[in-house]
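If you scroll down you'll find the structure; I have some questions about it.
Letters A, B, C, D, E, F, G and H name the chains as they come in the text, with residue numbers starting at 1 for each one.
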Amino acid sequence: MEQNFDLPEIHTPENLVYTKTKVLTDNVMHYCPGCGHGTTHRLVAEVIDEMGIQGQVIGVAPVGCSVLAYNYFDIDMQEAAHGRAPAVATGIKRVFPDKFVFTYQGDGDLAAIGTGETIHACNRGENITILFINNGIYGMTGGQMAPTTLPGMPTSTSPYGRDVKMMGNPLKITELVAMLPGTYFVTRQAVHTPALVRKAKKAIRMAFENQKLNRGVSFVEIVSNCNSGWKLPPVQAIKWLEENMLPFYPLGDIKVNGEMVSK
Amino acid sequence: MEQNFDLPEIHTPENLVYTKTKVLTDNVMHYCPGCGHGTTHRLVAEVIDEMGIQGQVIGVAPVGCSVLAYNYFDIDMQEAAHGRAPAVATGIKRVFPDKFVFTYQGDGDLAAIGTGETIHACNRGENITILFINNGIYGMTGGQMAPTTLPGMPTSTSPYGRDVKMMGNPLKITELVAMLPGTYFVTRQAVHTPALVRKAKKAIRMAFENQKLNRGVSFVEIVSNCNSGWKLPPVQAIKWLEENMLPFYPLGDIKVNGEMVSK
Amino acid sequence: MKELRLMKGNEAIAEAAIRAGADAYFGYPITPQSEVIEYLMAEKPHERTGMVVLQAESEVAAINMVYGAAACGKRVMTSSSSPGISLKQEGLSYIAGAELPCLILNVVRGGPGLGTIQPSQSDYFQATKGGGHGDYRLLVLAPASVQEMYDFVKLAFDLAFKYRNPVMILSDGVIGQMMEKVEIGEQYARLTNEQIDELYPWATTGKKTGQDRRIITSLELDPGRQEKHNLKLQAKYKKMQEEEVRYESLNCEDAEYLLVAFGSSARICQKAMDLGRAQGLKIGLLRPITLYPFPSEVLNDLASKVKGILTVEMNAGQMVEDVRLAVCGKVKVEHYGRFGGMIPSPTEVLQALEQKIIGG
Amino acid sequence: MKELRLMKGNEAIAEAAIRAGADAYFGYPITPQSEVIEYLMAEKPHERTGMVVLQAESEVAAINMVYGAAACGKRVMTSSSSPGISLKQEGLSYIAGAELPCLILNVVRGGPGLGTIQPSQSDYFQATKGGGHGDYRLLVLAPASVQEMYDFVKLAFDLAFKYRNPVMILSDGVIGQMMEKVEIGEQYARLTNEQIDELYPWATTGKKTGQDRRIITSLELDPGRQEKHNLKLQAKYKKMQEEEVRYESLNCEDAEYLLVAFGSSARICQKAMDLGRAQGLKIGLLRPITLYPFPSEVLNDLASKVKGILTVEMNAGQMVEDVRLAVCGKVKVEHYGRFGGMIPSPTEVLQALEQKIIGG
Amino acid sequence: MAKVKGDVVIDIERCKGCEICNTACPNQVLSMSTQVNSKGYRFAIKVNADCIGCANCAIVCPDGVITVYKTKV
Amino acid sequence: MAKVKGDVVIDIERCKGCEICNTACPNQVLSMSTQVNSKGYRFAIKVNADCIGCANCAIVCPDGVITVYKTKV
Amino acid sequence: MIEEIIIAGFGGQGVLSMGKILAYGGLMQGQEVSWMPSYGPEMRGGTANVTVILSDERISSPILSQFDTAIILNQQSLDKFEKSVKPGGLLLYDPNGITRHPVRTDINIYRIEAAAEAARSGMVKTFNMIVLGAFLKLKPIVKMENMEKGLAKSLPLRHHKLIPANMDAIRKGMELAEPVAVIA
Amino acid sequence: MIEEIIIAGFGGQGVLSMGKILAYGGLMQGQEVSWMPSYGPEMRGGTANVTVILSDERISSPILSQFDTAIILNQQSLDKFEKSVKPGGLLLYDPNGITRHPVRTDINIYRIEAAAEAARSGMVKTFNMIVLGAFLKLKPIVKMENMEKGLAKSLPLRHHKLIPANMDAIRKGMELAEPVAVIA
């Protein structure tokens, strides 16, 4: 039996530093151990909690590993067809301009089948928040190549590594949408270290605050891990992410207050 | 009766300076008087003629005013569903890597319903030529707003002028595709004056020459007029184009030999 | 007296939508129905009633905008013509699966593929049997006049909300493009958000404190529960069959020969019937108004009385299958069709009846 | 002896495609059929035979890539599952309209909407009646074993080219995911471009000097000519009905009760039949192999001999309509279905037969 | 410098009277007819003998109506 | 500077044993159990008393497993 | 009363609006009306036609192959629709641009030089109203007061100032209708 | 001969490959075989099961609700499938992690301590082959030589060096199968 290091005496409300927000339900998430989807869910829920807007948010999660997001967020939610979340969110926001609407989309969803919907919702400047979880792979369907898969990276549909000559180049859709006049805030974040989590949360907060001000699209990419798809244990996956994903998808703000951030 | 200024005596083959290429059929085109589609068709046909590749070209024209392009080009052609020409061209080029494949698409086609196909064919670097006729409107269906319609411009679905707050911003898709690694040559041209026609033809020629070298996508935008949709007689439409379209869609090369042209 | 106007069917749909208190229209232009969005845009419904009208980037986007707004308990619609409706099949299946109310107008043109822009009824199967995947049904209304184009909009919204089911108005280029007299009805107010909260507790309007969150989805990974959901849908369709069958019967009382036709074909058959009656032929006309649920019972009854049935459709023979299923071998059922944008004339219908049924 | 392997249905499809000399596959991942593209990618068919395999950005793109390559006279295929197949409806209608040969595999899952990933047969209507717009038909093959998954690929390509018509293999999660023994057939060579030019003069391979250009289109603005085109299509479908009906009949000679089922349901029914026969019930099984053209004639014949017919489908009752249309009231026809990913067991099928037909 | 003489041949049945050739001609050689062709369009006609065969008209004509000849005289 | 004392409460049934908390902890407070929970996962446990309540572990935990307390002593 | 009419000509000749104004006139007179155009902006530069029916009873088919009256404004339309006039019916045409004239002998044929008159008077836009006037002269199925009401209904408010000119054109057309061949 | 088997456990326990190797063994022996997994990468962290049928005749339904043999590797699967064993059939389970043991009295119940043995021998990867060995001991429907051929067929070439270890594990499992309750 392990030794007991509990300090029950300090477990008082005044001493509480951190606990799971109530905007997440108590359901255990179906994500694989260490998957960044969980962390990102938590941040979104915390922002909703802290802004006090639980009753005014409508979330849209399309197909992808996060298709069951509605089991975890304690808010009104819609499940959308693969790739169509920005259109669904447009429909919601147009009839409820005063509610907060966000989409939560994977890279396959947002940057492959949903390219048209993504570009056009951004171009129209729909006043919504788009959360874009880029794990470089189709997690849900078993690790197929995504538009964001890195050159040479093996997946179940590029078993010998992505051959860009045959399969095309990885798509930096975040840089593309930043070029559109309808986006107001475009940023790329990650959530695998405490410092990054804190920054990502600030970005998500800003993305929701912008909705109050009717600024157009706020677009937050989260570069994340897919342990199952990458076939790596979580801690190694994070290392791989830092060494391979981040050089290709560098973190940081791309567009703030409607202006490109100069590099 | 008008006076006769004919000089039949100089009508000899040696003196022939210009005549319709045989790569265009003798069918009278169904386009409205003065429509830039006709001119662009002619240039494409002349390039095919001059390169001597009539027997190796497969053209793809999707829905739009040019849906009947196959009546005019004397080459093998496919009619494609609205927006899907780049996918169709991908299918062709992948099974016939040695043929010349081009798409001929309107702005509604290429930049609205076909956004996903456009972006992804460009991103994959399919070795094809894309001709993009931007007349700022849906000509064929009776002058509805296109993604490229200018702010304030009236169309049948923006009868009081395009209100960008409600209907979104005009989309400069050409600038977007130039950002993708799969495009090799991206240019914006026009065909309403003799000088512009000459330049445009050079660009189209280069776009086809690139295919021989397996360079990826060559993308030629032609800023054109839609007299019917704009409800202006041809000569006035050209004036309107110069005064309104060109400032927003400036002519010139955007990417040459795979490198962005610095401005 | 109500206001009378001469309107195109497509315009009548648009005006009716504003008057029915529709909250939103999302669509993409395509001939022969672009007048719907054009009329709406010209009318500035955002000023008249606050209705939202948005030209989407594609039909796929449009139907998914409908999904999002319908899930909010709003009265939402879209319109298109055949190729565009095909693109909406995935979205429709989702909407049916998630049990969302909405209105879809299909002004049918000749197919397959790009086909022709001329009128057709060749999307009957797609509309009634489910062109998308999975066991679902649309409730399908087939107007035969511009007035019905107008009237069926409110009816469609009412049925859509009664059943939480998408309702399709299956029209065609004739009804969409023709002008007829329309009696314009009253302006119904759009529901307020409070009314929506009260009437549609399933709608995602923002979670209310102390209440459960609302989830709109068509996903159920557990097959047992998915089957339950399917059974619920089937029960709903059965209820529609019991309560919502609509048809018009003309001269069926003494009919020896029965024409069955919907939409513009029924108009043509009416003239054919008149011509035939003038020649002493006892012809009746049964016009299904709901194509799903189909008026099978009345047809089965009529089958016992008449000597033969001819369906007239602007297609290669689609509704004829439902007529045969209804009639169950009791009497001969034949099909007469023109297609690819061709419209049968009353005289040729009469000839077909004589050849295939009376003589045959 | 031929090579024997144990393979999943989805893998058998992929191997068969390479061996049949397929030129290209374009597809987009979706459960439960992603093994098709995964197997292909792992096999490097570009090295084995020169076959092109490309993961498209969407199902819509995939079906249009198929269109482009098929128009070149190449043997091209795609695969998906229900929601993805819905997205392909416009493309399929275009392909049918332009009369292009190709192969589409649908490994059906439960719907509507996102539904479930478990097996289903609820896309029968979509496959057989035309989920897209316009009067067109796919030729539909329903394999009931992994061996048939393999064998039907070459058959499908042959039929597709014989008729210049898209052929669908309508499978389901059971057949796609199960492993069985497969006899691997020979490697057919891909056609050379010269052979294509000779065999398929309609294909766009680049205009030959002195010959007419080739045009692939589904557009015909003139309704008269479009109607002619439609009549040509209808004549082709009629020919299919005459020449291509395929079915398997088990124990039908002395059967008093008939089960009708396709695909994996037929496997279950076979077991149910065995169980019933063991109890002395004279049960037969008719398994349609072509769902379109449907084996109506044989069913009509059998209807004169049996006391009742039960269709067993993993859906809410779709093929049953075709059985009723075939039988034309001669004998009672009932449907037993499980759906939403639920699979009927042989015993429950037997019970249903007893309740609905034998007892009923 | 040798003087250049040009001439254009106009396929009036193809012409749609858009007047674009006209605008492009350096020597105002072209104008529109008062009559219409069988499609109901006025068509381009020559109104002087100043053509230099520069082909400007032909290369801007959307309908490929104009054939151009040029010779040095 | 007042000394800080922290403690974490781990909801072991939610834990999936991904070890990310572990990596993030400045004081190596956390490690994985040898036993598994009912889902078959090893779970995070405290292996010393050095927790300073910095919450690093909690905010990187994908599954919201960890509650953190902190007090000045 | 039931009158089944086809009006056919070039796209720009105001064929559709002529039909619409006539239909609106009928509506104002309490008649049932239908107006069914050939449509398709996708076909450019072609001909346009519209079927208009005015009737005291509910109209069955809005699409017909035989007409009481054909109003014809160009050669193509004449070639196409001459044969569709019911025996004893009326064919009214503008001879401008017509080279092959109507030949049937079992129908009443009239001409209206509307193009010439419109050019003469400088009121090119009222061309179609002149034609309509000729028709109403020959078949006075809608009263002039109802035509005026119909015009008011079918023209947007900002064009109401044009109503008098249009009514004048209708009256002019009434004067100008000329018989070509009238059956006994 | 026909043997209808369900194998069920956690995702990571090698349930599917055990079934596949058994099926390949049957195939090598000239039998008809079918292998039908529960599938769905979309459901993570759940249980996995596979139905394997070996038969001398053509196999009808690959999906069954009753089995000759259930091979059970965790509690959930035991709870789910105990009742699906045909009377007189076989239930073979690994007691590791099992708290609620089987209770039926009309079937033969055997246990195989495969997890413990695999841990003991340090060959965690051969866990499922130990279980398979126990099964083949109890129902010797596939000869060992055919199992070896089956392994060779089902493993990729680069893993063929592992065949002897796997065969050893099968033999080990044969030794370790223990009766729990055997009907008369």
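The rule we apply is simple: a contact is a pair of C-beta atoms (placed from the backbone, for glycine too) under 8 Å apart; a residue touches a chain by one contact, two chains touch by 3 or more.
Everything numeric here is computed off the predicted structure, so don't read it as measured data.
**Student:** Shortest hop count from subunit C to subunit F along touching chains?
**Tutor:** The distance in steps between these two chains is 2.
**Student:** Counting C-beta pairs in contact, which comes out ahead: C-D or D-H?
**Tutor:** C-D
**Student:** With centres defined as the mean of C-alpha atoms, identify the chain lying farthest from subunit D.
**Tutor:** In terms of C-alpha centroids, the chain at the greatest distance from subunit D is E.
**Student:** Calculate how many whole Å lie between the centre of subunit E and the centre of subunit G, each centre taken as the average of the chain's C-alpha atoms.
**Tutor:** Spacing between the chain centres: roughly 38 Å.
**Student:** What is the distance in Å between the mean C-alpha positions of subunit D and subunit E?
**Tutor:** For subunit D versus subunit E, the centre distance works out to 59 Å.
**Student:** Using mean CA coordinates as chain centres, what's the subunit C-subunit E distance in Å?
**Tutor:** 54
**Student:** Residue numbers in subunit A touching 2 or more other chains?
**Tutor:** 31-32, 67, 79, 81, 112-113, 115-116, 120, 141-142, 147, 167
**Student:** Using the touch rule from the top of the page, what residues of subunit H touch 2 or more other chains?
**Tutor:** In subunit H, the residues touching two or more other chains are 40-43, 45.
**Student:** By residue number and range, which residues of subunit F touch two or more other chains?
**Tutor:** 39, in rising order.
**Student:** Give the list of subunit D residues in touch with subunit C in this complex.
**Tutor:** 60, 82-87, 89-90, 93-98, 108, 110-118, 120, 122-123, 125-126, 129-136, 217-230, 233-234, 315-316, 318, 321, 324-325, 328-330, 338-342
**Student:** Give every residue of subunit C touching subunit A within the complex, in rising order.
**Tutor:** 23-24, 26, 52, 54, 56-58, 60-62, 64-72, 74, 76, 90-91, 94, 98, 193, 204-209, 213-219
**Student:** Spell out the residues on subunit E that touch subunit B in their complex, using ranges where they run on.
**Tutor:** 5-7, 9, 13-14, 16-20, 23-24, 29, 33, 39, 41, 45-49, 51, 53-56, 58-64, 66-71
**Student:** Which stretch or stretches of subunit A touch subunit B in the complex?
**Tutor:** Residues 112-116, 119-120, 123-125, 147, 164-165, 167-169, 171, 175-176, 179-182 of subunit A touch subunit B in their complex.
**Student:** Show me the residue ranges of subunit D that touch subunit H in the complex, using the header's touch definition.
**Tutor:** Interface residues on subunit D, with respect to subunit H: 4-6, 31-32, 117-118, 173-174, 177-181, 264, 267-268, 270-272, 274, 343, 345-347.
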